[in-house]
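Okay, got some structures for you below.
One chain, subunit A, appears in both complexes that follow, with subunit B as partner in the first and subunit C in the second.
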Partner chain A sequence: MSRWHKKGLLVVTILLISFLAGCAYKSVDKRSFVVSVGVDPAENDDDRYKVTLKIAKPIASLRQATETEYTYLTTEAETVSEAIRILETHNDKVVDFSQAKILAIHHELLSGDLQLLMDYFTRRGDIQLIMYVAAAKPSAEEVLKVEPILEAAGENTLYNFFDDTGTESPFVTTSFLFEFRRDVLTFGKDAVLPIVRTSKNKDELVINTALVIKENHEPVDLNRTQTKLYNTFMEGANGYGYQAHNSGYIFTLTFDRAKMNYKLGIVPGQTPQADIKVKAVGAISQSNKTLSLNRLPEYSEVTNKELSKEMEKLFKKMQKEKVDPFGFGLRYRATRFHTDQIEEDWNEIYPDLVFNVQSDVKLKSLGAIK
Partner chain B sequence: MPDSTPVFPPYMKSLQDALGSSSDVVQLPLAINKAEAQLLFVKTVVEGSIMQDTIIKPFYEIADTEKFAEYLNGMPNHLQIPDSEEVLKKLVQGFVLIYCNENYLLLEIRKLKNTVPLQTVLESTIHGPQSAFSEDLETNIGIIRQHYHQPDLFIETMELKDLSSRAVALAYDRKKVNTQVLRRLKEQLRQIDEPLIQSAGDLAIRLTPRKLNIFPVSLLTERPDRTIYNITGGKIIVIVDGSPFVIMAPVLFFDFMVSMEENYHTFFISLFNTILGWTGLMICLLLPSFYIAFASYSPEVLRTELTLSIAGSRIGVPYPTFIEVLIMLLFVELLTEASIRLPKSINATATTVGGLILGTASVEAAIASNILIITIAAVAIANFVIPINELSFAIRICRILLIAFTSLFGLIGLISGFLFIIIHLVNIDSYGQPYLRIPWRDKSSEKEVGSG
Partner chain C sequence: MNRFLYYLVFLNMMAIITTPIPSLLLIGAHGGAIPTMVLGLFTGMLISFFFLKFFNKFPGRDYTELLKAYTSNYLRVPVTIYFAIVWYLAGTITLVMLTFLLITFLTPEMSIYLIAISILITVAFGVLLKSKSVLFAVEIIVFLVVPIAFFLFIKLYSSSELDWDQVRTSLMYSNSVPKYGVFTATLFSFSGIANLIVFNRYFTKRNTNHLGAVLIIGLFGVFTLVTTYFIPIGLNGFDQVDRLIFPWTSAADSVRMKYGIVERAVFLFMLFFVAISFMSITVHWHVSYKLIQSLIRIDKLQMRNNNWTPFLTVAVFVAVAIYLTVWLTQYQLYTYSAYYFNAIPIFIIVWAVTMFAVKRGHDNEPLA
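Let's turn to the complex of A and B:
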């Protein structure tokens, strides 16, 4: 073969390759971006799930658009994947999950078999690390369909809630899909999901409570205070809104830093104990009485007592409900010699565990009144 | 010897016949008392006033053939007669042939043109020297000598074998130069077989044995300070007569990313400038491909807002992204070319009309998306941040290569295309020196430069 033949062949090959480009090449305008996925129990008895996809409609000029334009696709099917396959036929564009960051699950579904529900999502490589999971009340479809008044064009309120770019409230629990799956499957630690509620006239989303999820177990509700305490000491959240009522004082505190350490003292034949140390640094942001700067240690003490009581209440409630969002069981498994019956051992120990909470709050200031 | 009319010597006659009856060929007999001499020269290349001062006036003052011959022999610019072929060449280069006392003599009285140093145009700096090289070889050598007072600075002149017989000079520091490179460069200069070479750019291309190059393997500069900086770094400078640019070899890729401005600022400012330059290079090279990759293959890389914004701005655009990019890129390339070719007084109009109106109109007409217009504008601006023009031309070519790769294989294609460029850069060499070598300057050499 001469040199020119070879060159000619190369040119022809390149030309032929360029015709092969078609399959993966799909412009953004030929894709529908799913921003949220909602799963509800089916209304129809033959099916099991009702899946809602919230799809963003591209807007030519975001600045001139007055409201976000979303469209919703809903269908019912026996499984989640089947529902999504059906929904793909409802849309002329490729359904693209690469930006899907919210998975809202109807709160009733969380008590059932999580495996069947979650499997489709956890097997998708593209969304595991970006998707946030939330429990929806009254239903996932209703939560997704809320388009809050404050939501600007091109924005998604739920993203702002969870990804710390918007609000950073200690009431908002954040759980990624991979975290949720890991916690559900791990013996000794249970998953906590935020509850997303719609307001009465369906124009706001409210997130300030959470659910503790354990497989094949009824979900346990955390109230607002408990959610806040869980977020502060397990997730490192901080901010306003810690109330302390004690010895006639009513304080509202701001925590800058908060930390929890614990040690399990489990010796055969003795009552199992958990020594929990709670540390926080903060300031008083509101009080019902006039305060004096040199009595700060006293105020810290007042706060300490209140905080210890609240924490102990939370631990005891979790113990009573037989769930373990703080991962005491995981710690037990990690620090003991592994045997076949370690899980049963823990199940016996946990109901008798005694919590000794010691809190150490350092108040730095009384605010900035001059 | 007759006394009235001077005899026209036969050798001179034959030379004049060979030159033909061009209107600027002058044959001038001089005679006073018994003294006589004959001059033959081409008046358009000879400096008349110098000839008047150094030949004609002394002749009449001395008024003696023998003494005048002695005088001529004492002049520093005289040359012994080579063969007649060579003599003819010398005559058209600005030599004067003198017949005196039955002897022939060549004197160099070349008319010098363009000896004024020009303003820097292509590599202008704020704080650095503002004047560039001139278009005259000797002046340029003079500029280098005046900036680098070292006895080790060595100048070698030679003549190209092409029709223009252009004079070429090599300048280098004898102690610092890499002799292997020098040998190779001289070899290349000798081997050049081109009918016509007119400028340094021309010569630089002929000096490389590889014909299908993207990246330049020698650097053209108009700045004396860059030239001196590189001489101290052991590089060889090739100066071409009639060109305001000099050629530097061997070069590294990183030499093209150095703006002389960086030497004239404090550390952090020049660091910032360097980073800016490299960012410009990367934007220029990668941004259009990134647009294609993100808009057509991997929208998951971007934030949701940006993805939706791109999707929104592409509403109504009929062509796939890569055609969109190629169309807009073509416009920008045309614009750049047009503003180079146009006279300076009207090129601002072309840029304004092209840049502003074309961009807005193409968005209005849904030929291109808003985001793409921003991308292309950023690329066009970034192109001019690259300090050396030759590199920015090369980058423009590579950009198209990357666009092709990305259009075919997405983000993976972009990565492999980039890898291809790196592999190519690693593969090529500049006169035997690796092209992509990182120029670690060792401390001792820096000190030497400082003390010198």
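Let's turn to the complex of A and C:
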């Protein structure tokens, strides 16, 4: 570069600096960070949704703060986005969704039109798709307003429940926003959402059941055992809490690894079959009788019978309720070339599907005593 | 200099993720996208083979030089202008898409002018570099980005939420009729090799192993196409995948690093693809700029020892790009870039015709 070029460049650079009037980003103290969003049906007849935003209050330092401080904004409107627009006028700071990680939806809203409800959250690019979605009982507002006693400063209890860094219980279903959207929109697989309930005196959150969601269909409740089985074999959850009552034994088991494989045997003219193989490796963590090490295979067998029975019960219940959280329909579509009537075919096959559950539990240890 | 060829091809393939190509591919997901991509893959490899073979005949000489030596001005001028426009638009599509990506996901409150200008300042400097420096810059970017890309791809493929049944379902649609739009979009991902029309000047050694090179390019292609196509399907579901406007960003946003410094992998993805697309815009525009330089040199812009035509060219590039970025809507971007990709066969025909002309000229008077 010659001297002229350099001088020219310098002038251009100086001119450009004068355009830099400020940062495009609004600084942190001008933002209010939404940590959770709750949607309830409106109480007012003119409106449709009641939206609650849980906003974290800024604290100077974690050491000074004794407990977390949140504030709540609530309003009602015809749509979710309108409600959020209104809430922006209740607040002097920019409402920032980049930290929003919980979407709690009132359980009754999940049977209605999901498109209008969910559209805003998936359409906005700055709302993360790895947000956790949960069904709330008795209402989203009440669930969000619970501030459990064990919650430390700067913490959010619901995050710890779902993100696998705190508690890892097989009773807690985790459902991300993208997963929920995907499964609701997929023919042949239905979404499962955890139900978050408040305890009686509203100072605790309880998550141990789930809800199967299908569009334009009543949500189907999963009880505690069913939720646990679903989480273990579909989501890869494991840990304590498996019960086996059989042949006079009462066991509590811990699973280290668990998985499920299935094959569909569907031949025209024959009864459609689903051959399901359930595998788990674990240990006994409680028993009502004295046990002996050389009889471990027998204990495994006792567990197998129990587990097969429970799984079959769960599959049959889902079949009866016409929902499919295990994705048998999707597997059907994934194993044959597409035709135009494949979806109708599956709707005819599913009610007749016979489940052959074969469980293979390998108990490896009795713990510390016999 | 052989490795630079692969960098150019690799860069172009990676950069398709920040163009409308993934969503153009996924629009065909319910009708023949997979057979079309296979067809496109082989065609792309075949064309790469001819490109390599042609330029290998003339080591160290770029295309404009060859046109000057062996063809008349009546052919050279319009063809050069046409090529310059094709390359300029390739860069511009990436630029507009990148701006839209940033405004949707990263900085929704920032003005579109500011985003476009902040990209363009860096790109403008890159365009004005020597061709050799551009190649070195490509090498640096590839080396910085490959580890992040590798990490991100492992994260995506190993994500426990990736539903392989969705992927298998999409495979079950491969008995449908191929689609033209998908075909041309696939071809574009192989167009990195066409940058040789300028960079061949630095490829001075003859290389005889074309088949090996084409095979490596084909492998890159298979990997990129499989990743671009199936990852969004596996994470965001097959049935409505054509409704996603930025399928790749949505896919990256669906991956979580539990104990990472940032939990959302999408920010890592942004870092990676902003670097890739910066470099891709720079390379495309640099080729276009070099083509224009071979045609125009305005004497009035001569100041002492320097001619300011290059600066004027780049200023025009930047001005047009800003105008387009602000003016285009998402719909227009997708429709017009589909037109652009659909016109790629015309480009290949024009290129083949000139290639034959140059070859015949060379056979008649090999020393020109």
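In the analysis below, the second predicted complex is superposed on the first by the 345 of 370 C-alpha atoms of A that agree within 3 Å, B and C clash if a C-alpha of one lies under 4 Å from a C-alpha of the other, contacts with A are read in each partner's own complex, and residues count from 1 in each chain.
In this section, a residue touches a chain if its C-beta (ideal position, glycine included) is under 8 Å from a C-beta of that chain, and two chains touch if they have at least 3 such contacts.
Every value quoted in this text rests on a predicted model; they were computed, and no experiment measured them.
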Which of subunit B and subunit C A:K26 touches, first, second, both or neither: both
Touched partner set for A:Y249, first subunit B, second subunit C, both or neither: neither
First, second, both or neither for A:V35, with subunit B first and subunit C second: first
First (subunit B), second (subunit C), both or neither touched by A:E179: second
Comparing the two partners subunit B and subunit C, which touches a greater set of residues in subunit A: C
Touched partner set for A:D126, first subunit B, second subunit C, both or neither: both
Touched partner set for A:A334, first subunit B, second subunit C, both or neither: second
Doubly contacted residues of subunit A, that is, touched by subunit B and again by subunit C: 24-26, 126
Subunit B residues within the subunit A interface of the complex: 295-300, 304-305, 307-317, 320-321, 407-408, 410
Complex contact set, residues of subunit A against subunit C: 2, 4-5, 16, 24-26, 94, 125-126, 128-130, 163-165, 176, 178-179, 181-183, 185-187, 189, 236, 327, 330-331, 333-338
For the subunit C and subunit A complex, residues of the former touching the latter: 104-105, 107-111, 114, 121, 160-161, 163, 165-166, 168-169, 171-173, 175-176, 235-240, 246, 249-250, 253-256, 258-259, 263-264, 266, 303-306
List of subunit A residues in touch with subunit B within their complex: 17-18, 21, 24-29, 31, 33, 35, 56, 58-62, 96, 98-99, 101, 126, 154-156, 159
